[in-house]
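Heads up, the next two complexes both have chain A, just with different partners, chain B and then chain C.
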Partner chain A sequence: MFKTNLMIMRRELGYMWRDRGLRNILLLGPLLGILLFAAIYSAQTITNIPTAIVDLDRSASSRDMAGKMENAPNLKVVSYLQSYEELEESIQQGIIVVGVLIPENFGRDVALHRHTRVLLIIDASNTIFATNASTAVLGVTRTLSAEIGVRTLLAQGMDPIKAKNMYVSLDLKEEGWFNPTLNYAYFLVLALALNIWQQCCSIAASINIIGETGVKSWLQIKAAGFSKIQLFVSKSIIHITVFMVMALLIYFIAFGIFKIPLACKLSTLLLFTLVFTVALHSIGTLMSSIAGNAVDSTRFSMMVALPSFVLSGYTWPIEAMPGFLQPVVWVIPQTWFFQGFNYLSFKNPGWQFMASYFWALIAFALICYSLATVITAWKER
Partner chain B sequence: MMKQIWNITHYELLHVFKDPILFIIVFITPIFYAGLFGTVYFSSILSNIPLAVVDQDNSTLSRDLRLAFANDHSFKIVPGADSYEAMETGMKDGTVRAGIVIPRDFEQSVKQGTSAQILSVYDASNLIWGFNSRKFIQEVINNFASHYTAEKLAGAGYTEHEIENVMNSVECNVTAWYNPNYSYANYIFMGLMMLVVHQIGLLGVCLAVTREKERNSWLQYIASSIPAWKISLGKCLPYLIANFFNYALLLWVSSRLVHIKIEGNILLMACLGLLYVSTITFAGYIVSIYSSNSLQATRYLMLLSVPLLMLSGYSWPRGYIPDILNSLALLFPSSWMLIGFRMVSIKNASWELLWPTLIALALMAVLTLYLALNFRKERKPENKHSLMVNSGLSYPRKINMLGALRQQLRASRF
Partner chain C sequence: MSEQVLVEAKDLVQKFFFKTILNGVSLQAYAGECLGIFGLRGSGKTSLLHILAGVDRFSSGTVKVLGDDIKKSQLFKQRTGLVTQEPSLFQDLNVIENLDYIAALKNAGHADIERVIALMELHDSLRHPVTALDAGIYQRLSLACALLNSPQVLVVDELIKDIDLFSRHLIIKQLKPFLQSGGTCICGFSNIEMLIHTDRTGWLDNGRLEFYKPSDLREKWTTMLNSFQEPGDA
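Showing the complex of A and B:
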């Protein structure tokens, strides 16, 4: 019996290799994915946000103000423009993300402690830029208003110590936990590559049953008296092994070459990936038992695989989704995987916390394989 | 002349309506994805971020600071997460996403006029939590500092007007343009919708020829006297109309039901859409002509969406992407469309700003149209060794390339 299993496995491996399209997708898809995403996110963090200053006053005070903006963390003053219209145009074209407009008579008004207004414009059409720019600008404005306020009070004749005490001197120390440099590459590159990998695996798994029952050689297989369970289990073992080899390659590139940090042990992550691979393969198998042909089976699998990354809450948090949708997104195994992957790669919360993720994926696999078995048996009756 | 095109269009349309899966892909899936993603991003702004406040000072001022966070809708203070250890545990298991640690001598330091250091921590394992928490904490601290100063000045006998004069002598007016609420939905949703148009457009039309090849009816087209351009036009027309319809429908759904900001010149958006769907439809048709079967065409095209979105510079800014990849991105219509559409719909850009995008998309549309209409009407010899699908005969068998070549040479001699 074991020999038969080995023969089926060898046959399946041969079929997978000789199917050029599938071979390209499985071998090249995830590898190209990780290389492409690593290149895209090679800058890693958002710093040097392009900033322009329109200084309509050109006084010592306005230059001082511009200097403060130049020293602000994460902002980079790339140009000094002549007018508001130029600033507006630059922001609309996307050349500038932060614009500072210092009005005429700024220096005189500051000296006379008259009310004056500095306009700080942030292009919020890209929220990644905008939230970073906004944080940088808020830090500058807090310090600036305190400084000018104290100066105003001093000018009104207040005692220097008393004037200083009027302003609460808060030093906000920030710590980004688990990803202290707020590195986008650490956050997204591997996750996006795994998203491509799971899509490729879904494509391959979706011909598990229909790839046999949908071709005429199925009659020969049936006539040969193979057990269907034996056939599909052997095929599945090869599929899962190939998927895991690809995952290993991705992890090697991510952790070995790109040095993406990993909080948990690699063995734990591999075990978690293996359990997910089985669950993913079970969905493909289920689709391949339902569909009437390989193209439809691929389409069914991809209907789950394509939107799954958005639904998984890896980027936009599940907690921010509407209440009724929150339990629904946990119905797809990709949500369990990407959430669990985030915990393992950044936090390593321990077995007790992760156990539910493992069991959920195992439950998915059991349900989908059972359903696929029942459907195939029913169709073949 | 038009009758032949119309007949082919009619025949293709029958296929779409008769194949339930294809019908779902062409007409139902776009609206399904719009509804699904619209629901996901409906809240569009993070609020009620689970926050731990570790108050080690327990003074009046520290309680005021805690209250400032409790009253801000961006945060929700997690009950019980009031020690450093509880905050650490909460951050690890995801029940806490941000934290504030108020040091022991906080009030004393403030009253003495020395700097009081507050520690703000945030969960940067998901940068959407991280960046937003950081920004909201800054806002709350800034407001708290302003209120503190205003109260102190009032206590010193300053009138409301005088306080206003002191505190706002230089008013820093921070304005967020185009997306004032920093809505995540305004930022990402239309990008996803443009990719839905892209994917659905390709997946529908990519079967137009492969289906005929699998049924051996493509031979009839090739052998007929109908010119290639008529066949192509007839086959593409239903998909072109359906794709443009889907594009318009998605804009309507996004604007009216998901409340995405879509402003700008309608005619400009229509032009962009027409050029975009034309390029996609004709490109998908070309793929269909040169693919050996439906499965291969479907498999390759399905994997395009994520790389195209990332490459376009729509989510991660182009200025931070290496130049070589930016140049590569210019070859794809999605890159032009995503950025161009954002400029029109969010930034209300005019024709003057959009002309490079329009020209690039027009060139791509003309090129794909030319290639689609001028395909060579010749039958490629059947590759008996490729994978057979849709109840084909068998899986591929091992081939002896050398033997096959010898056979061909021998046959050509006779």
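Showing the complex of A and C:
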């Protein structure tokens, strides 16, 4: 019995290795994914946001403001332009992302404590760029308005200490937890690589049943009277092992080479990944039991696997999705995995909290494997 | 040939959607007998053979192989071998890997593999991928795989059709000792030349099976062929 199982496993491993397409998908897909994403997000945060200043005032105050823009941490002043029209053209052509227009009489109005308006333009066509740009610009404008406010109060005859205290009496302290530097690499690289990985695994898992029943050699298995359950258990063990080896490689590259931080223990993450791998494999198996051929089975699996990352709420919060969609996204195991992965990698909330994520994935696996068994038996009758 | 019945089918009916493929087929195959199932393309030969080998289900009737009701037990498969009409070996494996793998599925040992390799003279092709084999070698390998578990019942479909003469000779040569040892071979064919190798043959037509001695069946076949000849045909 054990010898037969080993033989089936060996054949399955050999099949996965000899099938060049499948081998490339499984091996190269996830590895290229993590290397590519690590390269893309190697800057970790967006700095040097191209900025242009139009100084229509050319006073000491306007030069002071321009200087503060130049010293802002994530902005890079790339040009001083002459007019609003030039600024508009530069933004339209993508040369700059942030434009600062200092109006005429800016210095005089500030000195006379009159209302004045500095126009800050941000190219919002790329929301990630725009969010970073507005954060950087806000840092400068907040400092500037505080300085001007204190100066105004001083000019009105207020005691300097009192004037200063008035502005610092409310201390708004910002603390970014779990990813304080808002590091994109920590947030996205591993998740995107795991997304590629789960898609590749879905393709491989989708041939579990149809890969045997859909070809003529199925007659040999039936004629031998070999237990179908035993056959698919042996095949599934190999599939899940291969998927886990790929996940291990990804984790090694992410945590060992790129030093992406991990809040929980690696063993916890591996256990969670294993449970997800089984759930993922069960979906592929279910698809392969429904489909009439291997191509259809792959199509069905990809219909779930492709949009699952976006639906998982990893990049766009589930709470911000339309009401009717919010319960639906929890019907795919990828949502439980990517949500749970986010908690484990950044927060490590403990077993009690994570238990529901583990149980949900186990339930998925049980349901999908059971359905696949019933459907296969029905089709074989 | 003895009186011991190894395979018995009674009132076998097979329907596929609204089409009746087998309509009350009954047969008995005895130990030491080569029972032919003759029929033209689409007559239901393969369906019948697959049912007897336990790889297809049927609508009604009973089938007993080696005493087992095949709807209730799978044990008969331990002593049954099947050679299919269409290539059914594992395409991703080479010759020796197919033998190894099917031996594992059939719980056969290394000695059995060696035995069938020698029987079917497959030594020179062991590392060849099955997709690259000549039809004759492929058929020898198919029979070798079917013989791995030393079956008592051999179900073969178009065993020697369109293969080279050496392979044909080798395959037919192995049938004799198999039958002498008390096995039964149920052999489906559509080419009349296989007739001489059978002891008794059933003609499957319109879902019905009628049995003939080989000489009678050949005569009927010739008469049928002649009936289509028109005056002046050569």
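As a convention for this text, the second predicted complex is superposed on the first by the 347 of 381 C-alpha atoms of A that agree within 3 Å, B and C clash if a C-alpha of one lies under 4 Å from a C-alpha of the other, contacts with A are read in each partner's own complex, and residues count from 1 in each chain.
Just so we're on the same page, contacts are C-beta pairs under 8 Å (C-beta built on N, C-alpha and C of every residue); 3 or more make two chains touch, one makes a residue touch a chain.
As the structure is a computational prediction, the values presented were derived from the model and not from experiment.
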* To do: Using the superposition on chain A described above, determine whether A:Leu249 touches chain B (first), chain C (second), both, or neither.
  => neither
* Asked: Touching A:Thr141 in the superposition: chain B (first), chain C (second), both, neither?
  -> first
* Asked: Touching A:Tyr15, do we find chain B (first), chain C (second), both, or neither?
  -> both
* To do: Identify the partner contact of A:Ile362: answer first if only chain B is touched, second if only chain C is, both if each is, neither if none is.
  => neither
* Considering only the touch criterion stated at the top, classify A:Lys164 as touching first (chain B), second (chain C), both, or neither. => first
* **Contacts of A:Ala223 with chain B and chain C, given as first, second, both or neither** => second
* Classify the contacts of A:Ile203 with the two partner chains as first (chain B alone), second (chain C alone), both, or neither. => first
* To do: Once the structures are superposed on A, label A:Ala111 by its partner contacts, choosing first (chain B), second (chain C), both or neither.
  => neither
* Structure fact -> Between chain B and chain C, more residues of chain A are touched by B
* Please indicate which partner A:Leu182 is in contact with in the superposed arrangement: first for chain B, second for chain C, both, or neither. => first
* Take the contacts of chain A with chain B and those with chain C, and give the residues found in both. => 14-15, 18-19, 215-217
* chain B residues within the chain A interface of the complex -> 21, 25, 29, 33, 36-37, 39-43, 46-48, 50, 91-94, 110-111, 113-132, 134-135, 137-139, 141-142, 144-146, 148-149, 152-153, 156, 165-180, 182-184, 186-188, 192, 199, 203, 207, 294-296, 298-300, 302-303, 305-307, 310-311, 315-317, 319-322, 325, 339, 342-343, 346-347, 349, 353, 386-396, 398
* Structure fact -> So, in the complex, the side of chain A touching chain B is made of residues 14-15, 18-22, 25, 29, 32-33, 36-37, 39-43, 46, 50, 91-94, 109-110, 113-132, 134-135, 137-142, 144-146, 148-149, 152-153, 156, 161-162, 164-180, 182, 184, 187, 192, 195-196, 199-200, 203, 211, 214-217, 293-296, 298-299, 302-303, 306-307, 309-311, 314-317, 319-322, 325, 342-343, 345-347, 349, 353
* To do: Show which residues of chain C lie in contact with chain A when the two form their complex.
  => 50, 53-55, 57, 74-75, 77-78, 80-82, 84, 86-93, 97, 100-102, 104-107, 145, 149
* Spell out the residues on chain A that touch chain C in their complex, using ranges where they run on. => 3-4, 7-8, 11, 14-15, 18-19, 215-226, 381
